[in-house]
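So, here's a batch of structures to check.
You will see subunit A twice below: alongside subunit B first, and alongside subunit C after that.
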Partner chain A sequence: MRNLFAVAVLTGIYSFLMASVMLVLDAPDVALTEASVGAGVGTVLLLGTLYLTKTDEARPIHSVALPLFVAVGTAAILIFGVTGTPPFGAADTPVQLAGPDYINRSLPETGIVNVVSSVLASYRGFDTLGETVVIFTAGIAILMLLKRATPPGAGRKD
Partner chain B sequence: MRLDVILRVVTKFILPFMMVFALYVQFHGDYSAGGGFQAGVIAAATIILYALIYGLNAAKRIVSAALVEAMVPLGVLIFAGVGVVGWLTGLNYLDYSNLAYDQVHGQEWGVFLVEAGVFITVSSTMVAIFYAFAGRGRR
Partner chain C sequence: MNEFVDLAGRLVSHYNQWITVFLMVSGLYIVIARGNMVKKLVGLSLFQTSVYLLYLSAGKILGGTAPILDPDFTVYSHPLPHVLILTAIVVGVATLALGLALVVRINEAYGTIEEDEIFKQDDDRA
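== the complex of A and B ==
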(Lines of atoms letter the chains of each structure in order from A and count residues from 1; the text may use other names and numbers.)
(Lines give C-alpha, C1' and ligand atoms only; values in the text may rest on other atoms or scores of the structure.)
Protein backbone atom coordinates (compact mmCIF):
# COMPACT_ATOMS: atom_id res chain seq x y z
CA MET A 1 0.00 0.00 0.00
CA ARG A 2 1.63 3.21 -1.17
CA ASN A 3 -1.01 5.69 0.01
CA LEU A 4 0.18 6.85 3.44
CA PHE A 5 -3.16 8.53 4.19
CA ALA A 6 -4.83 5.12 4.16
CA VAL A 7 -1.99 3.70 6.27
CA ALA A 8 -2.48 6.42 8.90
CA VAL A 9 -6.22 5.74 9.08
CA LEU A 10 -5.62 1.98 9.27
CA THR A 11 -3.15 2.53 12.13
CA GLY A 12 -5.87 4.40 14.01
CA ILE A 13 -8.37 1.62 13.39
CA TYR A 14 -5.80 -0.95 14.56
CA SER A 15 -5.26 1.04 17.77
CA PHE A 16 -8.98 1.14 18.35
CA LEU A 17 -9.22 -2.64 17.88
CA MET A 18 -6.35 -3.09 20.35
CA ALA A 19 -8.25 -0.87 22.80
CA SER A 20 -11.21 -3.25 22.46
CA VAL A 21 -8.89 -6.19 23.17
CA MET A 22 -7.62 -4.42 26.33
CA LEU A 23 -11.21 -3.90 27.43
CA VAL A 24 -11.98 -7.59 26.91
CA LEU A 25 -8.91 -8.38 29.06
CA ASP A 26 -10.43 -6.27 31.91
CA ALA A 27 -7.88 -3.45 31.62
CA PRO A 28 -10.05 -0.34 31.13
CA ASP A 29 -7.20 2.01 32.10
CA VAL A 30 -4.97 0.67 29.32
CA ALA A 31 -7.92 0.62 26.90
CA LEU A 32 -8.64 4.27 27.62
CA THR A 33 -4.99 5.16 27.05
CA GLU A 34 -4.77 3.16 23.82
CA ALA A 35 -7.99 4.66 22.45
CA SER A 36 -7.07 8.25 23.29
CA VAL A 37 -3.36 8.13 22.40
CA GLY A 38 -3.23 5.56 19.61
CA ALA A 39 -6.52 6.16 17.85
CA GLY A 40 -6.91 9.82 18.75
CA VAL A 41 -3.82 11.98 19.08
CA GLY A 42 -1.50 9.54 17.28
CA THR A 43 -3.63 9.55 14.14
CA VAL A 44 -3.89 13.34 14.20
CA LEU A 45 -0.09 13.67 14.48
CA LEU A 46 0.41 11.17 11.63
CA LEU A 47 -2.02 13.14 9.46
CA GLY A 48 -0.22 16.35 10.48
CA THR A 49 3.06 14.82 9.32
CA LEU A 50 1.45 13.81 6.03
CA TYR A 51 0.29 17.40 5.58
CA LEU A 52 3.93 18.51 5.77
CA THR A 53 5.20 15.84 3.38
CA LYS A 54 3.70 13.85 0.51
CA THR A 55 0.80 11.44 0.95
CA ASP A 56 2.32 8.77 -1.30
CA GLU A 57 5.28 6.64 -0.31
CA ALA A 58 8.28 6.88 -2.64
CA ARG A 59 9.44 3.77 -4.49
CA PRO A 60 12.23 2.04 -2.52
CA ILE A 61 15.71 2.43 -4.04
CA HIS A 62 17.20 -0.70 -2.49
CA SER A 63 15.98 -4.28 -2.48
CA VAL A 64 13.41 -5.22 0.18
CA ALA A 65 15.32 -8.40 1.08
CA LEU A 66 17.24 -6.96 4.07
CA PRO A 67 14.26 -5.18 5.74
CA LEU A 68 12.14 -8.29 5.15
CA PHE A 69 14.82 -10.46 6.77
CA VAL A 70 15.05 -8.11 9.79
CA ALA A 71 11.26 -8.05 10.20
CA VAL A 72 10.85 -11.82 9.88
CA GLY A 73 13.84 -12.43 12.16
CA THR A 74 12.49 -10.10 14.86
CA ALA A 75 9.08 -11.74 14.62
CA ALA A 76 10.66 -15.21 14.92
CA ILE A 77 12.63 -14.15 18.04
CA LEU A 78 9.52 -12.64 19.62
CA ILE A 79 7.39 -15.71 18.90
CA PHE A 80 10.18 -17.91 20.32
CA GLY A 81 10.13 -15.70 23.44
CA VAL A 82 6.36 -16.02 23.80
CA THR A 83 6.65 -19.81 23.93
CA GLY A 84 8.67 -19.41 27.15
CA THR A 85 5.99 -17.39 28.97
CA PRO A 86 3.50 -19.08 31.32
CA PRO A 87 0.08 -19.92 29.84
CA PHE A 88 -2.51 -17.15 29.78
CA GLY A 89 -4.14 -16.70 33.19
CA ALA A 90 -1.90 -19.21 34.98
CA ALA A 91 -2.37 -18.94 38.76
CA ASP A 92 1.28 -19.29 39.85
CA THR A 93 2.79 -16.32 37.98
CA PRO A 94 4.29 -13.33 39.87
CA VAL A 95 1.50 -11.12 38.50
CA GLN A 96 -1.17 -13.22 40.18
CA LEU A 97 0.83 -13.39 43.44
CA ALA A 98 1.48 -9.64 43.72
CA GLY A 99 -2.03 -8.63 42.67
CA PRO A 100 -3.99 -9.65 45.79
CA ASP A 101 -1.37 -7.97 47.98
CA TYR A 102 -1.96 -4.60 46.29
CA ILE A 103 -5.73 -5.11 46.26
CA ASN A 104 -5.73 -5.75 50.02
CA ARG A 105 -3.35 -2.91 50.87
CA SER A 106 -4.59 -0.16 48.55
CA LEU A 107 -7.79 0.91 50.31
CA PRO A 108 -6.56 0.88 53.95
CA GLU A 109 -3.20 2.48 53.11
CA THR A 110 -4.11 5.07 50.49
CA GLY A 111 -7.92 5.39 50.58
CA ILE A 112 -8.02 4.97 46.78
CA VAL A 113 -10.57 2.54 45.36
CA ASN A 114 -9.00 2.17 41.90
CA VAL A 115 -5.96 -0.01 42.56
CA VAL A 116 -4.44 0.89 39.19
CA SER A 117 -4.34 4.56 40.23
CA SER A 118 -2.80 3.88 43.63
CA VAL A 119 -0.16 1.54 42.19
CA LEU A 120 0.73 3.96 39.41
CA ALA A 121 0.85 7.14 41.44
CA SER A 122 1.84 5.96 44.92
CA TYR A 123 3.39 2.50 45.14
CA ARG A 124 5.26 2.92 41.89
CA GLY A 125 5.38 6.70 41.80
CA PHE A 126 9.00 6.67 40.70
CA ASP A 127 8.03 4.75 37.54
CA THR A 128 5.34 7.29 36.76
CA LEU A 129 7.76 10.15 37.39
CA GLY A 130 10.06 8.51 34.86
CA GLU A 131 7.22 8.24 32.34
CA THR A 132 6.35 11.89 32.82
CA VAL A 133 10.00 12.84 32.26
CA VAL A 134 9.99 10.71 29.08
CA ILE A 135 6.99 12.65 27.75
CA PHE A 136 8.65 15.92 28.76
CA THR A 137 11.85 14.89 26.96
CA ALA A 138 9.94 13.86 23.83
CA GLY A 139 8.07 17.15 23.87
CA ILE A 140 11.13 19.39 24.15
CA ALA A 141 13.00 17.26 21.58
CA ILE A 142 10.22 17.76 19.04
CA LEU A 143 10.03 21.46 19.86
CA MET A 144 13.79 21.80 19.36
CA LEU A 145 13.65 19.97 16.02
CA LEU A 146 10.56 21.58 14.54
CA LYS A 147 10.41 25.07 16.01
CA ARG A 148 13.96 26.12 15.16
CA ALA A 149 13.50 25.61 11.44
CA THR A 150 10.26 27.59 11.26
CA PRO A 151 10.75 30.62 8.99
CA PRO A 152 9.16 33.84 10.26
CA GLY A 153 5.53 34.15 9.22
CA ALA A 154 5.15 30.46 8.33
CA GLY A 155 2.46 29.94 10.97
CA ARG A 156 0.35 32.87 9.81
CA LYS A 157 -2.15 31.10 7.56
CA ASP A 158 -4.77 28.91 9.21
CA MET B 1 -12.28 23.60 6.99
CA ARG B 2 -13.38 27.15 7.74
CA LEU B 3 -16.46 27.00 5.53
CA ASP B 4 -17.84 23.67 6.70
CA VAL B 5 -20.89 24.73 8.72
CA ILE B 6 -21.86 21.31 10.03
CA LEU B 7 -18.38 20.56 11.36
CA ARG B 8 -18.10 23.99 12.98
CA VAL B 9 -21.48 23.78 14.73
CA VAL B 10 -21.09 20.16 15.86
CA THR B 11 -17.59 20.93 17.16
CA LYS B 12 -18.97 23.75 19.30
CA PHE B 13 -21.51 21.34 20.76
CA ILE B 14 -18.98 18.58 21.43
CA LEU B 15 -16.09 20.62 22.86
CA PRO B 16 -17.55 21.40 26.33
CA PHE B 17 -18.51 17.75 26.82
CA MET B 18 -15.03 16.62 25.80
CA MET B 19 -13.45 19.02 28.29
CA VAL B 20 -15.81 17.91 31.08
CA PHE B 21 -15.04 14.28 30.23
CA ALA B 22 -11.32 15.05 30.50
CA LEU B 23 -11.87 16.59 33.93
CA TYR B 24 -14.04 13.61 34.93
CA VAL B 25 -11.31 11.16 33.90
CA GLN B 26 -8.80 13.29 35.83
CA PHE B 27 -10.67 13.77 39.10
CA HIS B 28 -12.59 10.49 39.12
CA GLY B 29 -9.42 8.48 38.45
CA ASP B 30 -9.37 7.38 42.10
CA TYR B 31 -12.66 5.54 41.62
CA SER B 32 -12.84 4.52 37.96
CA ALA B 33 -10.57 3.97 35.00
CA GLY B 34 -8.38 6.91 34.12
CA GLY B 35 -5.86 9.30 35.55
CA GLY B 36 -3.62 12.17 34.63
CA PHE B 37 -2.24 10.62 31.46
CA GLN B 38 -5.57 9.74 29.86
CA ALA B 39 -7.20 12.98 30.97
CA GLY B 40 -4.27 14.99 29.62
CA VAL B 41 -4.57 13.35 26.22
CA ILE B 42 -8.33 13.96 26.10
CA ALA B 43 -7.89 17.61 27.10
CA ALA B 44 -5.20 18.00 24.44
CA ALA B 45 -7.52 16.36 21.89
CA THR B 46 -10.09 19.05 22.71
CA ILE B 47 -7.62 21.82 21.84
CA ILE B 48 -6.42 19.93 18.75
CA LEU B 49 -9.99 19.45 17.50
CA TYR B 50 -10.64 23.16 17.97
CA ALA B 51 -7.44 23.97 16.08
CA LEU B 52 -8.36 21.57 13.24
CA ILE B 53 -11.79 23.10 12.72
CA TYR B 54 -11.26 26.78 13.55
CA GLY B 55 -7.62 27.15 12.57
CA LEU B 56 -4.34 27.23 14.43
CA ASN B 57 -4.45 30.92 15.25
CA ALA B 58 -7.90 30.66 16.87
CA ALA B 59 -6.62 27.86 19.09
CA LYS B 60 -3.51 29.86 19.98
CA ARG B 61 -5.71 32.74 21.11
CA ILE B 62 -7.26 30.39 23.71
CA VAL B 63 -4.14 28.44 24.67
CA SER B 64 -1.06 30.40 23.67
CA ALA B 65 2.11 28.63 22.59
CA ALA B 66 4.04 30.32 25.41
CA LEU B 67 1.59 28.97 28.02
CA VAL B 68 1.84 25.47 26.56
CA GLU B 69 5.63 25.54 26.57
CA ALA B 70 5.65 26.76 30.17
CA MET B 71 3.29 23.93 31.22
CA VAL B 72 5.54 21.19 29.79
CA PRO B 73 8.22 21.48 32.51
CA LEU B 74 5.73 22.74 35.14
CA GLY B 75 4.03 19.33 35.43
CA VAL B 76 7.33 17.52 35.91
CA LEU B 77 8.32 20.10 38.54
CA ILE B 78 5.04 19.56 40.43
CA PHE B 79 5.54 15.78 40.37
CA ALA B 80 9.17 15.97 41.48
CA GLY B 81 8.35 18.70 44.03
CA VAL B 82 5.70 16.56 45.73
CA GLY B 83 8.35 13.87 46.00
CA VAL B 84 10.79 16.31 47.59
CA VAL B 85 8.17 17.29 50.22
CA GLY B 86 8.04 13.68 51.41
CA TRP B 87 11.82 13.67 51.49
CA LEU B 88 12.06 16.90 53.54
CA THR B 89 9.56 15.61 56.11
CA GLY B 90 11.74 12.61 56.87
CA LEU B 91 10.29 9.97 54.55
CA ASN B 92 11.45 8.41 51.30
CA TYR B 93 11.33 10.35 48.04
CA LEU B 94 7.76 10.22 46.62
CA ASP B 95 6.26 8.97 49.91
CA TYR B 96 3.16 11.11 50.38
CA SER B 97 2.19 10.00 53.90
CA ASN B 98 3.18 13.29 55.57
CA LEU B 99 1.29 15.60 53.19
CA ALA B 100 -1.83 15.69 55.43
CA TYR B 101 -2.73 14.97 59.04
CA ASP B 102 -2.75 11.19 58.62
CA GLN B 103 -1.29 8.66 56.21
CA VAL B 104 -4.42 7.90 54.17
CA HIS B 105 -5.24 11.56 53.53
CA GLY B 106 -1.59 12.27 52.80
CA GLN B 107 -1.60 9.53 50.17
CA GLU B 108 -4.82 10.88 48.66
CA TRP B 109 -3.36 14.40 48.45
CA GLY B 110 -0.10 13.07 47.05
CA VAL B 111 -1.81 11.07 44.32
CA PHE B 112 -4.04 14.05 43.51
CA LEU B 113 -1.08 16.41 43.11
CA VAL B 114 1.01 13.89 41.20
CA GLU B 115 -1.85 13.19 38.79
CA ALA B 116 -2.27 16.94 38.33
CA GLY B 117 1.42 17.16 37.40
CA VAL B 118 1.05 14.31 34.90
CA PHE B 119 -2.06 15.98 33.45
CA ILE B 120 -0.26 19.32 32.96
CA THR B 121 2.79 17.79 31.29
CA VAL B 122 0.92 15.33 29.06
CA SER B 123 -1.76 17.74 27.84
CA SER B 124 0.70 20.55 27.15
CA THR B 125 3.19 18.24 25.43
CA MET B 126 0.53 16.87 23.09
CA VAL B 127 -0.67 20.39 22.23
CA ALA B 128 2.92 21.62 21.84
CA ILE B 129 3.73 18.78 19.43
CA PHE B 130 0.59 19.55 17.44
CA TYR B 131 1.41 23.27 17.35
CA ALA B 132 4.94 22.46 16.20
CA PHE B 133 3.65 20.26 13.36
CA ALA B 134 0.77 22.48 12.32
CA GLY B 135 2.75 25.72 12.63
CA ARG B 136 5.24 24.80 9.92
CA GLY B 137 2.82 24.89 7.03
CA ARG B 138 3.27 23.18 3.69
CA ARG B 139 6.28 24.24 1.66
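== the complex of A and C ==
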Protein backbone atom coordinates (compact mmCIF):
# COMPACT_ATOMS: atom_id res chain seq x y z
CA MET A 1 0.00 0.00 0.00
CA ARG A 2 1.70 3.21 -1.18
CA ASN A 3 -0.81 5.78 0.11
CA LEU A 4 0.13 6.69 3.68
CA PHE A 5 -3.33 8.11 4.46
CA ALA A 6 -4.75 4.61 4.04
CA VAL A 7 -1.97 3.33 6.32
CA ALA A 8 -2.92 5.88 9.00
CA VAL A 9 -6.62 4.95 8.80
CA LEU A 10 -5.86 1.21 8.93
CA THR A 11 -3.57 1.77 11.93
CA GLY A 12 -6.44 3.52 13.73
CA ILE A 13 -8.81 0.64 12.95
CA TYR A 14 -6.18 -1.84 14.14
CA SER A 15 -5.77 0.04 17.43
CA PHE A 16 -9.52 0.03 17.96
CA LEU A 17 -9.74 -3.74 17.29
CA MET A 18 -6.83 -4.24 19.69
CA ALA A 19 -8.84 -2.27 22.29
CA SER A 20 -11.74 -4.72 21.92
CA VAL A 21 -9.33 -7.65 22.33
CA MET A 22 -8.12 -6.03 25.55
CA LEU A 23 -11.72 -5.77 26.74
CA VAL A 24 -12.13 -9.52 26.17
CA LEU A 25 -8.91 -10.07 28.17
CA ASP A 26 -10.61 -8.49 31.26
CA ALA A 27 -8.76 -5.19 30.98
CA PRO A 28 -11.41 -2.47 30.51
CA ASP A 29 -9.10 0.29 31.78
CA VAL A 30 -6.40 -0.65 29.27
CA ALA A 31 -9.01 -0.96 26.49
CA LEU A 32 -10.28 2.57 27.20
CA THR A 33 -6.74 3.95 27.17
CA GLU A 34 -5.90 2.14 23.92
CA ALA A 35 -9.10 3.37 22.27
CA SER A 36 -8.63 6.99 23.32
CA VAL A 37 -4.83 7.38 23.34
CA GLY A 38 -3.77 4.70 20.84
CA ALA A 39 -6.57 4.89 18.28
CA GLY A 40 -7.46 8.56 18.90
CA VAL A 41 -4.31 10.55 19.64
CA GLY A 42 -2.04 8.19 17.67
CA THR A 43 -4.12 8.52 14.50
CA VAL A 44 -4.32 12.31 14.89
CA LEU A 45 -0.51 12.45 15.26
CA LEU A 46 -0.04 10.27 12.14
CA LEU A 47 -2.43 12.40 10.10
CA GLY A 48 -0.76 15.59 11.31
CA THR A 49 2.63 14.25 10.25
CA LEU A 50 1.28 13.31 6.82
CA TYR A 51 -0.11 16.85 6.46
CA LEU A 52 3.37 18.24 7.16
CA THR A 53 5.30 15.73 5.01
CA LYS A 54 4.68 13.43 2.03
CA THR A 55 1.60 11.24 1.67
CA ASP A 56 2.98 8.75 -0.85
CA GLU A 57 5.64 6.12 -0.33
CA ALA A 58 8.38 5.54 -2.91
CA ARG A 59 8.78 2.10 -4.45
CA PRO A 60 11.24 -0.05 -2.48
CA ILE A 61 14.60 -0.66 -4.17
CA HIS A 62 16.05 -3.25 -1.80
CA SER A 63 15.32 -6.97 -1.77
CA VAL A 64 13.07 -8.18 1.06
CA ALA A 65 15.17 -11.33 1.54
CA LEU A 66 17.26 -10.10 4.49
CA PRO A 67 14.36 -8.58 6.53
CA LEU A 68 12.29 -11.69 5.83
CA PHE A 69 15.16 -13.90 7.02
CA VAL A 70 15.57 -11.85 10.23
CA ALA A 71 11.79 -11.92 10.88
CA VAL A 72 11.44 -15.67 10.30
CA GLY A 73 14.53 -16.38 12.41
CA THR A 74 13.16 -14.27 15.26
CA ALA A 75 9.80 -16.00 14.92
CA ALA A 76 11.46 -19.42 15.19
CA ILE A 77 13.33 -18.40 18.37
CA LEU A 78 10.18 -16.87 19.89
CA ILE A 79 8.06 -19.95 19.08
CA PHE A 80 10.73 -22.14 20.68
CA GLY A 81 10.59 -19.88 23.74
CA VAL A 82 6.82 -19.65 24.20
CA THR A 83 6.28 -23.42 24.09
CA GLY A 84 7.70 -23.41 27.63
CA THR A 85 5.16 -20.88 28.90
CA PRO A 86 1.98 -21.89 30.75
CA PRO A 87 -1.21 -22.39 28.68
CA PHE A 88 -3.57 -19.46 28.08
CA GLY A 89 -5.97 -18.59 30.89
CA ALA A 90 -4.56 -20.95 33.53
CA ALA A 91 -5.02 -19.79 37.12
CA ASP A 92 -2.03 -21.58 38.71
CA THR A 93 0.82 -19.91 36.78
CA PRO A 94 3.79 -18.10 38.39
CA VAL A 95 2.42 -14.81 36.99
CA GLN A 96 -0.75 -15.20 39.04
CA LEU A 97 1.04 -15.66 42.41
CA ALA A 98 0.80 -12.00 43.43
CA GLY A 99 -2.69 -11.43 41.96
CA PRO A 100 -4.85 -12.42 44.96
CA ASP A 101 -2.62 -10.34 47.23
CA TYR A 102 -3.45 -7.13 45.34
CA ILE A 103 -7.13 -8.09 45.08
CA ASN A 104 -7.47 -8.82 48.81
CA ARG A 105 -5.50 -5.83 50.10
CA SER A 106 -6.89 -3.14 47.80
CA LEU A 107 -10.19 -2.48 49.57
CA PRO A 108 -8.99 -2.54 53.23
CA GLU A 109 -5.78 -0.59 52.53
CA THR A 110 -6.87 2.01 49.97
CA GLY A 111 -10.68 1.85 49.92
CA ILE A 112 -10.69 1.71 46.10
CA VAL A 113 -12.95 -0.86 44.41
CA ASN A 114 -11.10 -0.78 41.09
CA VAL A 115 -7.87 -2.64 41.82
CA VAL A 116 -6.13 -1.29 38.70
CA SER A 117 -6.65 2.27 39.96
CA SER A 118 -5.34 1.48 43.43
CA VAL A 119 -2.22 -0.24 42.06
CA LEU A 120 -1.64 2.55 39.52
CA ALA A 121 -2.03 5.46 41.92
CA SER A 122 -1.01 3.93 45.24
CA TYR A 123 1.17 0.81 45.20
CA ARG A 124 2.97 1.78 41.98
CA GLY A 125 2.63 5.54 42.23
CA PHE A 126 6.32 6.05 41.46
CA ASP A 127 5.86 4.19 38.15
CA THR A 128 3.13 6.65 37.24
CA LEU A 129 5.40 9.54 38.27
CA GLY A 130 8.10 8.13 35.97
CA GLU A 131 5.56 7.85 33.15
CA THR A 132 4.65 11.51 33.63
CA VAL A 133 8.34 12.45 33.49
CA VAL A 134 8.69 10.53 30.19
CA ILE A 135 5.68 12.33 28.67
CA PHE A 136 7.01 15.70 29.91
CA THR A 137 10.43 15.00 28.39
CA ALA A 138 8.88 13.88 25.09
CA GLY A 139 6.71 17.02 25.01
CA ILE A 140 9.72 19.31 25.55
CA ALA A 141 11.71 17.43 22.89
CA ILE A 142 8.85 17.73 20.36
CA LEU A 143 8.54 21.47 21.06
CA MET A 144 12.30 21.93 20.57
CA LEU A 145 12.25 19.93 17.32
CA LEU A 146 9.23 21.61 15.77
CA LYS A 147 10.20 25.15 16.78
CA ARG A 148 13.22 24.90 14.44
CA ALA A 149 11.09 23.48 11.66
CA THR A 150 10.26 26.77 9.93
CA PRO A 151 9.97 26.41 6.15
CA PRO A 152 13.00 27.67 4.18
CA GLY A 153 12.62 31.28 3.13
CA ALA A 154 9.97 32.05 5.74
CA GLY A 155 12.47 34.06 7.78
CA ARG A 156 13.40 33.05 11.30
CA LYS A 157 12.57 35.52 14.05
CA ASP A 158 15.07 34.29 16.69
CA MET B 1 -1.54 -40.77 17.90
CA ASN B 2 -1.26 -39.76 21.54
CA GLU B 3 1.76 -37.60 20.77
CA PHE B 4 -0.19 -35.87 18.00
CA VAL B 5 -3.09 -35.08 20.38
CA ASP B 6 -0.60 -33.77 22.91
CA LEU B 7 1.04 -31.50 20.31
CA ALA B 8 -2.32 -30.27 18.99
CA GLY B 9 -3.50 -29.51 22.52
CA ARG B 10 -0.34 -27.58 23.19
CA LEU B 11 -0.75 -25.59 19.95
CA VAL B 12 -4.35 -24.68 20.82
CA SER B 13 -3.67 -23.83 24.47
CA HIS B 14 -0.92 -21.38 23.48
CA TYR B 15 -2.85 -19.64 20.67
CA ASN B 16 -2.48 -16.23 22.34
CA GLN B 17 1.29 -16.66 22.07
CA TRP B 18 1.15 -17.47 18.33
CA ILE B 19 -0.80 -14.25 17.70
CA THR B 20 1.72 -12.33 19.81
CA VAL B 21 4.68 -13.84 17.92
CA PHE B 22 3.03 -13.12 14.54
CA LEU B 23 2.34 -9.46 15.41
CA MET B 24 5.83 -9.04 16.86
CA VAL B 25 7.70 -10.34 13.80
CA SER B 26 5.36 -8.42 11.45
CA GLY B 27 6.32 -5.23 13.29
CA LEU B 28 10.00 -6.19 13.16
CA TYR B 29 9.77 -6.92 9.44
CA ILE B 30 8.11 -3.55 8.70
CA VAL B 31 10.74 -1.68 10.74
CA ILE B 32 13.60 -3.34 8.82
CA ALA B 33 12.13 -3.67 5.31
CA ARG B 34 10.32 -0.35 4.82
CA GLY B 35 12.34 2.73 3.91
CA ASN B 36 9.51 5.18 4.56
CA MET B 37 9.90 6.59 8.06
CA VAL B 38 6.18 6.93 8.81
CA LYS B 39 5.76 3.25 7.95
CA LYS B 40 8.72 2.36 10.16
CA LEU B 41 6.97 4.06 13.10
CA VAL B 42 3.71 2.25 12.31
CA GLY B 43 5.68 -1.02 12.39
CA LEU B 44 7.15 0.01 15.74
CA SER B 45 3.67 0.56 17.21
CA LEU B 46 2.60 -2.85 15.82
CA PHE B 47 5.55 -4.34 17.70
CA GLN B 48 4.44 -2.50 20.85
CA THR B 49 0.86 -3.78 20.67
CA SER B 50 2.19 -7.34 20.50
CA VAL B 51 3.92 -6.71 23.83
CA TYR B 52 0.64 -5.37 25.29
CA LEU B 53 -1.04 -8.60 24.17
CA LEU B 54 1.75 -10.72 25.70
CA TYR B 55 1.33 -9.07 29.11
CA LEU B 56 -2.47 -8.97 29.17
CA SER B 57 -2.90 -12.59 28.06
CA ALA B 58 -0.45 -13.70 30.78
CA GLY B 59 -2.64 -12.01 33.40
CA LYS B 60 -5.94 -13.41 32.10
CA ILE B 61 -7.68 -16.22 33.99
CA LEU B 62 -10.32 -18.15 32.05
CA GLY B 63 -13.66 -17.69 33.84
CA GLY B 64 -12.31 -14.67 35.68
CA THR B 65 -13.54 -11.11 35.39
CA ALA B 66 -12.08 -7.59 35.31
CA PRO B 67 -10.31 -6.65 38.58
CA ILE B 68 -13.10 -4.40 39.89
CA LEU B 69 -14.24 -5.74 43.27
CA ASP B 70 -17.84 -6.92 43.44
CA PRO B 71 -19.54 -9.34 45.88
CA ASP B 72 -20.97 -11.34 42.95
CA PHE B 73 -17.51 -12.39 41.68
CA THR B 74 -14.61 -14.24 43.25
CA VAL B 75 -12.13 -14.87 40.38
CA TYR B 76 -10.38 -11.79 38.99
CA SER B 77 -7.67 -11.43 36.36
CA HIS B 78 -4.28 -10.17 37.56
CA PRO B 79 -4.40 -6.34 37.88
CA LEU B 80 -0.64 -5.72 37.75
CA PRO B 81 -0.15 -6.38 33.97
CA HIS B 82 -3.04 -3.98 33.32
CA VAL B 83 -1.26 -1.21 35.24
CA LEU B 84 2.04 -1.86 33.47
CA ILE B 85 0.37 -1.80 30.04
CA LEU B 86 -1.59 1.36 30.85
CA THR B 87 1.78 3.02 31.46
CA ALA B 88 3.26 1.40 28.35
CA ILE B 89 0.46 2.63 26.06
CA VAL B 90 0.87 6.24 27.15
CA VAL B 91 4.67 6.07 26.94
CA GLY B 92 4.33 4.37 23.52
CA VAL B 93 2.23 7.22 22.17
CA ALA B 94 4.70 9.75 23.63
CA THR B 95 7.59 8.05 21.82
CA LEU B 96 5.49 7.80 18.63
CA ALA B 97 4.86 11.56 18.83
CA LEU B 98 8.59 12.19 19.32
CA GLY B 99 9.42 9.95 16.34
CA LEU B 100 6.88 11.70 14.15
CA ALA B 101 8.30 15.10 15.19
CA LEU B 102 11.73 13.82 14.09
CA VAL B 103 10.19 12.75 10.75
CA VAL B 104 8.76 16.25 10.26
CA ARG B 105 12.17 17.76 11.08
CA ILE B 106 13.95 15.36 8.67
CA ASN B 107 11.45 16.32 5.96
CA GLU B 108 12.30 19.99 6.55
CA ALA B 109 16.02 19.32 6.26
CA TYR B 110 16.10 16.80 3.38
CA GLY B 111 12.77 17.28 1.60
CA THR B 112 12.04 13.56 1.79
CA ILE B 113 11.12 10.91 4.37
CA GLU B 114 12.53 7.97 2.39
CA GLU B 115 15.62 6.44 3.99
CA ASP B 116 17.34 5.62 0.68
CA GLU B 117 16.99 9.16 -0.68
CA ILE B 118 18.36 10.60 2.58
CA PHE B 119 21.41 8.30 2.43
CA LYS B 120 21.91 9.23 -1.23
CA GLN B 121 21.83 12.96 -0.40
CA ASP B 122 24.35 12.40 2.39
CA ASP B 123 26.66 10.49 0.01
CA ASP B 124 26.41 13.21 -2.63
CA ARG B 125 27.26 15.85 -0.06
CA ALA B 126 30.29 13.99 1.28
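Following the convention adopted for this analysis, the second predicted complex is superposed on the first by the 141 of 158 C-alpha atoms of A that agree within 3 Å, B and C clash if a C-alpha of one lies under 4 Å from a C-alpha of the other, contacts with A are read in each partner's own complex, and residues count from 1 in each chain.
Definition applied: a residue touches a chain if its C-beta (ideal position, glycine included) is under 8 Å from a C-beta of that chain, and two chains touch if they have at least 3 such contacts.
Keep in mind the model is a prediction, meaning the values are calculated, not measured.
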Counting residues of subunit A touched by each of subunit B and subunit C, the higher count belongs to C
(Q) Tell me the contact category for A:Val21 with respect to subunit B and subunit C: first, second, both or neither. (A) second
Open item on the list: A:Ser122 in the overlay: touching subunit B, subunit C, both, or neither? Say first, second, both or neither.
Closed with: first
Original post:
Of the two partner chains, subunit B (first) and subunit C (second), which one does A:Gly111 touch, if any: first, second, both, or neither?
Top reply: first
Mind working out whether A:Asn3 is in touch with subunit B, subunit C, both or neither, as first, second, both or neither?
neither
Task = Name the contact category of A:Ile135: first (subunit B only), second (subunit C only), both, or neither.
result = both
So in the superposed three-chain picture, is A:Lys147 touching just subunit B, just subunit C, both, or none of them (first/second/both/neither)? first
Going through subunit A, the residues touched by subunit B and also by subunit C turn out to be 28-29, 33, 37, 41, 45, 48-49, 52, 113-114, 116, 120, 128, 131, 135, 138-139, 142, 146, 149-150
As the complex stands, subunit A meets subunit C at residues 4, 7, 11, 14-15, 18, 21-22, 25-30, 33-34, 37-38, 41-42, 45-46, 48-50, 52-54, 57-58, 60-62, 64, 66-68, 70-72, 74-75, 78-79, 82-83, 85, 87-91, 93, 95-96, 98-99, 102-103, 106-107, 113-116, 119-120, 124, 127-128, 131, 134-135, 138-139, 141-142, 145-146, 148-152
Given the complex, residues on subunit B that touch subunit A span 2, 25, 29-38, 41-42, 44-45, 48, 52, 54-58, 69, 72-73, 75-76, 79-80, 83, 93-94, 96, 103-105, 107-108, 110-111, 114-115, 117-118, 121-122, 124-126, 128-130, 132-139
Per the touch rule, the subunit A residues reaching subunit B in their complex are 28-29, 31-33, 36-37, 40-41, 44-45, 48-49, 51-52, 108-114, 116-118, 120-122, 125-126, 128-129, 131-133, 135-136, 138-140, 142-143, 146-147, 149-150, 154-158
Residue set of subunit C touching subunit A in the complex reads 10, 13-18, 20-22, 24-26, 28-29, 32-36, 38-39, 42, 45-46, 49, 52-53, 56-70, 75-87, 89-98, 100-105, 107-108, 112-114, 116-117
